[in-house]
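Listed below are the structures to be examined.
Two complexes follow with chain A in common, the first pairing it with chain B and the second with chain C.
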Partner chain A sequence: MRRRESAPAVAITALLALCAAVVAFPRLGERTGPYGEPAGIRTTLVDGGDLLGVSVTFFVDHLSAVMLLLAAGVGLLVQIYSVAYLAGDARYRAYTTIIQLFLVAMATVVVADNLWMLLVGWEVMGLCSYLLISHHWELGPARAGAVKAFLLTRIGDLGLLVAIFAIGQTFGTYEISEVLSAMASPDAPDGLTWIGLLLVLAVVGKSAQFPLHTWLADAMPGPTPISALIHAATMVAAGVFLVARLYPVLAASAVTMTVLAVIACVTMLLAAMFALTSHDLKRVLAWSTVSQLAYMFAALSVGGYDAGIDHLLSHGAFKALLFLAAGSVAHAVGSTALAELGGLRAVMPWTFATATIGFAALAGVVPTVGFFSKDAVIEAAWHGIGHDAPVAPVVAALVLVVGLVTAVVTVAYAFRTWWKVFFAADPAAAARLAEARSATGRSYEAPPLMVGPLVVLAAASILLSLAMPLHPLTGLVTTVLVAAAGWFTWQTMAAGRDPADLLGPARRAFDRELAMDVAYDRAGTAARGAGDVVVATDRDILGFYPRATAWVAVTLSKGFTKAQSGNAQTYVTVLAVGALLLAGLVVVR
Partner chain B sequence: MNGLVVALVVPALTAVLLGGLRGMVTDRVAARAGVAASVVSGVFILAAWLLHDGGGYAAEIDAVWVRVLGLHFHLGMDGISFPLLLMTTVLSALVCWALVDDPPAGDNATPALVALIMVVLSAALGVFASLDLLLFFVFFELALIPMWFVIARWGDPHDPVGRRVAATRFLLYTVIGSAFMLVGFVTVWALSGTLQIPELAARSEVLDGGWALFAAAMIAVGLAVKTPIWPFHLWLPDAHAKAPTVGSVLLAAVFLKLGTYGLLRVLVSVLPGPARDLAPWLGALGVIGIVLAALACLRQSDLKRLIAYSSVGHMGFVVLGIATLTEIGVAAAVFASVAHGVVTGLLFFNAGSLKRRFGSAEMAVLGRGLYARMPALAVVLAFAAFASLGLPGLAGFWGEMMALRSAYESAVDSGAGLVPAVATVLLVAALVGVLLTSAYFLRLLRCTLQGVPTPHDADVDLVGSERGIAAVLVVAVLLLGLAPGLVVGVVEPSIPAILGSAR
Partner chain C sequence: MNPEAVDWASVGVPLLVAVGAIAALLVDAFWPGGGWRRQGVVAVAGLVAAGAWLAETGSHGPLVAGFSWVILVAALVVVVLTQSLEDDPAMPPGESTFLLLSATAGALTLAAARDFVTLVVALELLSLPSIALVALRRDRRESVSAAWTFFLASATATAVTLMGLSLLYGLTGTLTYAGVNEALQTSEAPVRVMAAVVVMVLVGLVFKVGAVPFHLWIPDAYRGAPIPVAAFLSVVSKGGALAALLVVLAYPLLPLQPRWDVFVAVVAGLSMTLGNIGALVQREMVGMLAWSSIAQGGFVVAPMVALAVQADLVLTAPLRYLAVYAMANLTVFAVAVVAARRFGGTTYAHLAGVGRRDPLLGAALVLGLLTLAGFPPAVIGLLAKYLVLQPVVVGGYAWLAGVMAVNVALGLVYYLRLVVVAYAPADRVGNGVPPVTSVREGRGARLAYAVVVVGAVALAATSVAPTLLLGALP
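Let's look at the complex of A and B:
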């Protein structure tokens, strides 16, 4: 372990986390909800002027505080974890620097009052995730995944760009707090549907929602701790944050919220099915992130503002835990393919125990934080049917049904994955594992620097429950559902069958993730084809006029060359003809 | 003492001295003299700007030169020209600095090359500072000839025929374009009886009607070749690809700006009425340029050609901003021009470093895994690529953003130049262009910087002046990217001088 490089990296990250904590803690108490006069501290550092409107202004409220603490906490744990995980990596220093930039960018997003400043942080995060996903840039999948992540999120970023134009035009300001004030005043502008839809496009890209969801799973070739950072605390969480930050603007339009709800429903179930049929531990977790983010959007779309934020926080804790646990599995086994795992319960007790808490939270088992926050989402949908939600009751009902179905599927895939990783389902894999273990004679369990963050996050995944509300009735319903689904999955697995096979012939389609990538590949091919046409046009058609000019010039000069034959008789003849012509002209006039 | 005159005379004198004494001056001394002259020019420009008490033009000088023609030696700078003037001196200093470690081929050739660069510098400063149409034209042409020599004599050493063809094509395109522009200027003079730009811009009764439109169209064609606007861009990929590094940098950073600056100064401000008629055409061609250049870039295999084509796209944003005839559009044009100079300068310096090492800028020759083979160069290249694709927080973004915003504002709220329907189409097409721009730069990074390293004997990381130049430009990119208000604040008060009667 190279302490000389790792110590400053961790120290700087700790300092960033400390700053975040200092800014965030005083604001934690004031939970005010999305509507009304913005309650937060506004600071202006640089005023950008009227024309440009790019100011450096900060707006820190309860929401910023929660996001800051989440990002700083997970970021610090990831940095500590990486000291051991990436020990001996040649590019460790670049890696840690980019993580720090990543955290600064996320902090910029959550504390910015000026929308341009927010956009800077927003896209710098895109850059950082590009760089981190392609950390192993010798590998083809890492390069491809990074490019895909950047381009698909950039589609969303352009939506945000135009949304900011529209906000500036509608509200006459680029300051979030002033926009929120305007929304709280009686004469709030209307006709916000387009702004809302553009913002939805932005978060669909950033948070990998349908139909731009494919990048997140392809981002898996990056180092595993990075996945924890991207999936739990930064990048994808920024999408949820943006919806929460500008909630009144989005909620003003039922169309926007309905679109958001439908996208969330489609994504939620689709991603859960992908997770169920996946063959790779990290890919399962990636799809589960997409699915859980959809829960947050679903909650926000039916008016469950607090539920959405709570689930973001809770998911941040347990997903970071799961990814870091997956990292320690990958560290030990050298692979995350489910077929090569199994029986790790005995050899990796700490990882097993903490990952179990993580999977339980993902499935929504009492008393983990996932149970409480997921119930809050379900409760919000239930509440939205009867009460004054931003969407029609039927949409809220859809969210409720899809949310419950997805909860069942989530239990199935969480159990399936947990079982396949930690219990010896496959005797061949167990034998291979035992052989490898006796050959190297080393322990499988991760080093303390990796186990430490796991334990902290496991504790958080339980203790955060204390901060969550309890909804006894929905809690009872979901617990029954979870128990039934869990028991059923267990029976299936114990009988030696893969629950994914229950899908029957549909499984093959889900295995290919519904071939959604084909559309993007086609777009790429089309662009390259169009590029060929443009190059050919430049060469063969537009190139015509320089060639034509050259031809004219050459022909003319040949003509003049002939004229200058040096023959005095020709000259005199031409002269005489000319004189005659001139004389003729004069006479005619 | 007039700061602008000094700024013009110092490089001109340097050129004369170096040209005259070229047998006696060594390479290094010549290159350093070029750096010094550029810096002195820049300092005088900066001082003249800072000492200016606001209002009117800074360092204005107006002397009758040829009474019969109404030609005045009329110089001055405002917020539109000052950023470009300063950027020109900075880039010229860096170009000369690059020659310290990388002298051109030939026995003691640096003095001659630096002399030519100094002529270009002086002429370019003259263009940006001219407040007389004919003087503008004279400087505009003056910058051209030395560039021909730079490309034809010191261009790609592996392709003597190709570089001469490229140089000649560049010269012919621009000269023919300038001929159109001269016709336009003469028409303006015939219509109004004056060549003085401030006087023309301040006319209460704008020039309008058929002849004015004719004049505007002529001027627009001339500037469209220089900028370049699609479909007049064909000279550019060849000229950039065959020019030596100094030539590519000067072409991209300075020459193209002569065109965009001209669009503002001698088209929009002088002929506001006809400019409004031409605006939709300009805007459409600009956006066509953005999209088509990006598509062409997807298929380029030569790094220098790729950067050259990307310039067409970036200039498309500038033209789009100008075509909207909005305040934010003018600010976009100036900001994007400056940012493009810095960012594309950095890209070309990098491409030049690679070409010097490998003898070619073909991606296949460069090989893969440059991150491992030359870390500093690779990181700078990646940085410049992200700046060029418009990552917020770096220089390239704000110009693009303001241009798009000007299109958006015209789409929502009928702007002066574009009707909403046209502006909407242009905005959407330009956004597609932004996405394609990201795609081709990522492809470039993927094909050269990443991948399994293919070591080569010529693998040497940035050395000597290359490091210094990269550092200066990286700082400039960050400064423009993090504090865009610096430039926009300078530009903003002068926008009425351009749009004064157009709105």
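Let's look at the complex of A and C:
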């Protein structure tokens, strides 16, 4: 552990977190709500005025405050955790700097009032994600995953860019608070469907929703703390944040909300299935992130604004916990493949205890925060059937059914993963572990700097429940479902079978994650062919003109330099002839 | 003439500078041995007094005052830069300072003139000391030769202007701006004749601006003169001529705008294009700046085509552009002064990797060059380009706007090349000639370095908050 390098990194991150807390805490009570006038505080740092047209302005309310605290808190814990996790890594300094850049970018996104500022933060986050996924750039999968993440999120970013232009055209302003005021006033503009759909495209890319969902799982070669910070708790949640921030603009169109609801339903169930069949701990967690993000979008689409944000917060806590626990496992065993894990309960008691809380929260078991926030989502869907939700009752009903089914699948894969990692009856794996342990003579449990963040996040995963609403009836229904699914999965596992096998022949299709990547690859090959033609055209035909122009310019330039002969007669002649020609030009005209 | 008829508000500024010039000469004659330091103090005192007078009276309204401020501040910077000549035995401090201040007084008078006789006198007051400054280093053949061509070309240009003025007097019967303006509106004379006369009148001013086809003296003079004098020619001399050109076109000659607009547009377009093309192959900093100053002159002249629009944005665009150009150009010239002292020359081979050897110097150079190119992060340069492009578009000269756009791109080539050079390893520039390092520190170099720092800070500050500069100007 290199204290000289790690101490400043942690100190700077702590300072950032402190700043975020100072900004965020006073605003926690100022709810703009889904449709209200913008509450919170608006500050202008640089007023661009008419000269520039873009101002640097901030808008901080309840939503920004929650996001700020989540990002800063998880960011700080991840930075502390990384001191031990990446001890001895050659690129530790670059890594910590990019985390800090990422935190600043995330803060920019959540406190920006000007949409262009938001876009800058949004893009910088994408860049940081790219850089951190490819941290181990000597590994092929890391490079490929980074490029894939970058390209697929770019598709969404394009949507955001066009959406910002469209918002500027429609509302005559790029300030979010002014857009919200306009939406809250009686004469709100209509015809917002296209803006809404563009924004949905933006969040589908950023939050890895169907059909751009494949990048998140492939982002897992990045260091595990990064998966916790960026690919679970914050950046991918920025999509949810954007929907919540511009909620009135999206909710104004039933088409937009229906599209969002359908995307969320498809993603939710599909990703849960992928998680169920996956063979890698981190991949399970990645797919469960996609699935849980879809829960948030589902809640927002049926009008459950608070439920969506609550689930965002709770998911941020327990998913960061799970990823850090996975990192602890990877640190000890050197692998995250489920087949190589097992029986870690005894040798890693702290990791086991905290990860159990995390898995319980993911599954929605009673006292954890996941139970409350997931119930809120289900409740919002139930509520949306009967009351005037932004979508038709039948869509809300679809969300309700898919949400409940996904909850059951979630219990199954959470239990399956937990069991395979910490219990595992496989004697061969246990023998291997014991052998390795006696050979190195070191403990399996993670060092204190890694266990500390785990304990903090585990505590948060339970204590945050106090801030969540309770819906007794839905809670009862889901508890029964969870208990039944848990019992059933346990029975299956105890009988020595993998619950994923219950899918029967469909399992093989899910194993390949429905071969969507094959389709993307084909599209990529076709695009590359087209690109080669364009490049050749550019080089051999269009490129001729610039090259010829450059040649002419340089030749002329040399000529002019030669003309500087120092001969006074030449100079005066040029001057006189020039004057004569210009006078002639003016006269003739 | 009775004393009440003298317009002290506008005469006072150049007069105080002229008094400073004479004081410098007298101090040198009767109290010799003070060297550059004492001359610098006298010169700064004269310029500061003129500045105080200008702040108090405000000259002829905000536009002339704005030009006067740019000229005064630029002259002050040049005076500081001349301190680096202290160990150059060929440059006599007394005469140099005297000539510098005389020429500055000429530039100020040029901006404040209200009749054509004063204009010609001021033109000569600016030209002759400038020529003498270039010729002052008598031991160098190229200096003498440059001064000689400069003188002959200048005399020719002034002769053409004088001939035009005599014809103008014949046509209108007056030489005051107000009288000419009135006479041109009511005159019975054929408009084509008057247009030819106007062009002849303008030749002298355009010559001082250094616009194509009256530009041939510039590269020779810049290279022949000491670097601070080149800085003077590129900012103070050019600034005075531009002020006079703007006032003359906007006021007495405005009625003939439909005739002379093509003259201005062609001169502006040619200057930008030829200046930029000429700069492309330069591999020496001062030579590059000489050609680039021809191109930049074209950018300042361009918005004047649209003066008939009669809007503030047309009238103030040249001044704003000039102010930004002066800041950036003086910073880059100061870098050249420092480089000449520290590295023994200003060729690109000498400058290779300057940003690595001295990060602050490199940053200032890059900031100055990017401002001249109008390339972010030097936002102020970008804004300046926008400010001169806007009137051209508003005035309906789309083709000229197109030429300007192409030239912005053309300028990037050689400005960015020097940026690259500033951070390149030494062995990758030029023919691999290793940089000569002759560290000659001293008071002059330190002062020049201070100018570099101040210039860099000013450029950075105005890039962050452009209203600092643009808000202060009219």
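A few notes on this one:
One rule holds in what follows: the second predicted complex is superposed on the first by the 525 of 589 C-alpha atoms of A that agree within 3 Å, B and C clash if a C-alpha of one lies under 4 Å from a C-alpha of the other, contacts with A are read in each partner's own complex, and residues count from 1 in each chain.
In this text, a residue touches a chain if its C-beta (ideal position, glycine included) is under 8 Å from a C-beta of that chain, and two chains touch if they have at least 3 such contacts.
Since this is a predicted model, take the numbers as computed values, not measurements.
Residue contacts after overlaying the shared chain place A:L556 against chain C, while chain B stays out of touching range.
In the superposition on chain A, contact of A:A337 is made with neither chain B nor chain C. In the superposed model, A:Y571 lies in contact with chain C only, and not with chain B. In the superposed model, A:A579 makes contact with chain C only, not with chain B. By the touch criterion defined above, A:F165 reaches chain B but does not reach chain C. In the three-chain superposition model, chain A touches both chain B and chain C at residues 46, 51-52.
Chain contact summary for the complex, chain B toward chain A: residues 169, 172-173, 176, 231, 234-235, 237, 292, 295-300, 327-328, 331, 369, 371, 386, 391-393, 398, 401-402, 404-405, 408-409, 412-413, 427, 431, 434-436, 438-439, 442-443, 446, 449-453, 483-485, 488-489, 492.
On chain C, the positions that touch chain A within their shared complex are 142, 145-146, 148-149, 152-153, 156-157, 160, 192, 195-196, 198-200, 203, 207, 212-214, 216-217, 219-220, 259-260, 262-263, 266-267, 274, 277-282, 383, 410, 464-467, 470.
Only residues 46, 48-49, 51-52, 54, 116, 119-120, 122-124, 127, 130, 134, 137-138, 143, 147, 150-151, 154-155, 158, 161-162, 165-166, 168-169, 524, 527-528, 530-535, 538, 542-543, 546, 549 of chain A touch chain B when the two sit together in their complex.
Listed in rising order, the residues of chain A touching chain C in the complex are 46, 51-52, 553-554, 556-558, 560-561, 563-564, 566-568, 570-572, 574-579, 581-583, 585-587, 589.
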